[in-house]
Amino acid sequence: MLAKNIERKILRTICPDAKGLIAKITNICYKHELNIVQNNEFVDHRTGRFFMRTELEGIFNDATLLADLDGALPSGSLRELHAAGRRRIVIMVTREAHCLGDLLMKSAFGGLDVEIAAVIGNHNTLQSLVERFDIPFIHVSHDGLTREAHDTQMADCIDQYQPDYVVLAKYMRVLTPGFVKRFPNQIINIHHSFLPAFIGARPYHQAYERGVKLIGATAHYVNDNLDEGPIIMQDVINIDHSYSAEEMIRAGRDVEKNVLSRAVDKVLAQRVFVYGNRTIIL
Amino acid sequence: MLAKNIERKILRTICPDAKGLIAKITNICYKHELNIVQNNEFVDHRTGRFFMRTELEGIFNDATLLADLDGALPSGSLRELHAAGRRRIVIMVTREAHCLGDLLMKSAFGGLDVEIAAVIGNHNTLQSLVERFDIPFIHVSHDGLTREAHDTQMADCIDQYQPDYVVLAKYMRVLTPGFVKRFPNQIINIHHSFLPAFIGARPYHQAYERGVKLIGATAHYVNDNLDEGPIIMQDVINIDHSYSAEEMIRAGRDVEKNVLSRAVDKVLAQRVFVYGNRTIIL
Amino acid sequence: MLAKNIERKILRTICPDAKGLIAKITNICYKHELNIVQNNEFVDHRTGRFFMRTELEGIFNDATLLADLDGALPSGSLRELHAAGRRRIVIMVTREAHCLGDLLMKSAFGGLDVEIAAVIGNHNTLQSLVERFDIPFIHVSHDGLTREAHDTQMADCIDQYQPDYVVLAKYMRVLTPGFVKRFPNQIINIHHSFLPAFIGARPYHQAYERGVKLIGATAHYVNDNLDEGPIIMQDVINIDHSYSAEEMIRAGRDVEKNVLSRAVDKVLAQRVFVYGNRTIIL
Amino acid sequence: MLAKNIERKILRTICPDAKGLIAKITNICYKHELNIVQNNEFVDHRTGRFFMRTELEGIFNDATLLADLDGALPSGSLRELHAAGRRRIVIMVTREAHCLGDLLMKSAFGGLDVEIAAVIGNHNTLQSLVERFDIPFIHVSHDGLTREAHDTQMADCIDQYQPDYVVLAKYMRVLTPGFVKRFPNQIINIHHSFLPAFIGARPYHQAYERGVKLIGATAHYVNDNLDEGPIIMQDVINIDHSYSAEEMIRAGRDVEKNVLSRAVDKVLAQRVFVYGNRTIIL
């Protein structure tokens, strides 16, 4: 009957680099009789930071495990213990369906271990699509509202669902600092260019004007500077002179949805560490 | 009011290579006062074949245009004139949702200029998904039927919808020669490997056993030899030692659906020419 | 003995789009009994420009062929007739060997149909490498010279070799407008980023700071604005958090040399048309 | 003066998976006051094998370190301690220059931390190229020799240079089992297809016949079955209907040389573990 208590958890550690860190952490896991299913670490020799993601299996006593770690790790260390398994997101959209559709399909039919708690749109274009998947769609129109008021309404709405992450699946308005502050390192956006090229509005039109030979997409955490948050995932496809901006938009959709979905997958699996303006993916 | 008669059509020509072919064809178009919106041609110097796809705009007199072409082209020439625009497909599926879902999304929200007339499944797993998009799902179970009887039922069912193409979106049974013969060069399949590697069943498991560092997908026309029809589109993604066969299956889904959807797009636009066991895409 | 006069030439046409252009041009070729080995055309519907590259084989009377074309094409048309075959380049370098080495290898052992007339370096680091391939290396030091004086020395030196193109194989100084003006649309540069991201100096360090997940290279024509000339070719590779700027530099070398060499190949084959700040590659 | 004894070494461990392995190994390193510069591990849950690569810095007492490890690791464990730094290879070639040229350039100008001790050719085509880089070229002709006799001559020749690895840079003959046995897991080959597609001779011609839309290259260890050894690295490029087999050969060269050079880089850095017919790259 003991097997009933066996759980899988993910330990994430960020601390100043020092000799013996892996030994110390894995010793503690060993003493707790936890099996290391998967372990990945990275030392950033430039900033002297150590990052480690440890997937553990066994019977957990969270309090003593964390206390043991606190006793062993240098000061200034961060450690988090997460249950493995399905996370919960709220998706924000405007009018484009492709990223949303991909997330809905993967949530319903496999591919992403995620519960989509709700979808919020500043337009109601996608309501019917969302409801076909038995997921609540909330229309929070920005009509007649200040940005701040609109963002507050949306944030309040999100809070009701207590999601782990907020995914912007082609939400086409700039979010206010107030909104961003309420979900620190929890908002994931897809931008339709290979950042830092073509920041801001109409990147495919910018790409057309510049005559580039590849177009791309970037999934990133949202912070206060538009399109400047830590990058999680990027990909590109080749194009040629025959593509108009409209054809780029059409071709770009597959890259956008693939990049967003792969980024969300890594984030959900607690593989992404943010440090400064960079991500470490373990 | 003349503008009402202005149409766009696609002229496709395959003929033995000869001096002056482009001049002859484009002269005839010019005499008919048709504007060439886009023209692509290819000479296969190895087989001495000339291929041309001409997108025309104007007021068409199909009969005289084709007669003029027949008078000018060498014997043994093929020419087809297709109206531009939306085509009609029937999709066949088994139990996997990802390729189907992508086609449904693109048909409903843009990305593919296609009418999905119906979806036929040998299982009914995907019925609910299809019906959410207001498209008929027909369950043609293979239980208790010979392959021939089952395929005949499905072919009869397809015939009711008079599709331009039949798309196998992870239909997981081998089709009989009788079925294939009823839809010559009209059946497009997605195989979950970079053919000719891993022909047949369980390609990801084969890929795992072989220890490859990339996995892929191949869209091809179906002919009588399993996985040996003319290839339309292929793509791969990188994997590494950490992927189990199951993780390859999961990662491969995005490649499969992207490759199938891009292949279908080219076929619908009348860009794909089959010659022998090869495709020319113009 | 007539076969001795059979030549292959490339006709390049740029003109305002109009009905019947392909018919007119190919008719003239047909009347001249020239065989079209390969033909590619593109209509830019946005600017109303028509581009065509026609590879012809036969006995040429250049003067009457061009006169016939001038009679048939709309005013404002450009047409050029180039002999097919090997072109002549001068390469400019600073201290990095990888792009130069790739061009030397391909020139000597196949892969590029090119004669490297000379290599000019503002440092002499690469002299020994160049001379191993029996190609003259000219060291034009910038020490004690103004930019203008240095560029004039180099341009005078290049003029002695009468090259078709000047290839900057990691030449790390900005060229003066005076230099650029002497070789209009003849200078090809490789920039070590996927432009327009990371214009200017130290792009890999910029890429490191931004935390991108892919790095790339861009081959482009040089005009007066640094890194803003028409793009010919671009490619990227995936990187991750473990790459320092130095490791990006090392990994980026293969992309840089591949992109440059593929761009040079297209340019030499007269496949690249410049129009405004864009390239059409036929 | 102590700093003079500070070295960097790489510890490689393969053993049956068990609880506490990372703790045990890193504890021993910690007790030896060795700093872990980089650590990567992988558990193959299917075969129950644990793989770990640990890059260590400090003052080494090899004998006690290895003895301590032997005392701590389960029976059936393998552990190796390698000095970090430059390795030594012998390259075997036939007539094609591109892979060889890339290795010569990277050895001479940076990009690969390798000493090329000698190049052996069964033809002397590439002698001049090799000697330009001040590296001995040995021509071991197969004329009039049995395969066994020829391979013995070459193996004897290789032995004189005591290389860490033998790199087949387009060596176009099948090696005998006797040869392979003399360099177990030390021979790296580049095959010009994305294996397992197109095993054996003339893969580009096979690819042409099959009408594939991508071509590739595979770097792998050589074992007794032709083109069936453990795969280290693979990559592909897109092609289309316009490529003849000869044009595939030409386009494929860049992929071949890139794949081979990246594979050699990983092998030299002691990152590649062979287990069964698979590689784990840490």
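By written order: A, B, C and D. Residues from 1 in each chain.
Convention: contacts are C-beta pairs under 8 Å (C-beta built on N, C-alpha and C of every residue); 3 or more make two chains touch, one makes a residue touch a chain.
No experiment lies behind these values; they were computed from the predicted model shown.
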Contacting subunit A as well as subunit D are chains B, C
Of all chains, the one whose CA centroid lies most distant from that of subunit C is A
Whole-angstrom distance, CA centroid of subunit A to CA centroid of subunit B, is 36
Here the gap between subunit A and subunit C, centre to centre from mean Cα coordinates and rounded to Å, is 41
Multi-chain touching residues of subunit A, meaning two or more other chains, are 45
Subunit D contacts subunit C in the complex at 97-98, 101-102, 105-106, 108-111, 129, 132-133, 250, 253-254, 258, 261-262
Subunit C residues touching subunit A in their complex are 42, 44-46, 194-198, 209-214, 216, 230-236, 240-242, 244, 277-281
Within the complex, subunit B is touched by subunit C residues 19-23, 26-27, 29-30, 33, 35-41, 43, 45, 238
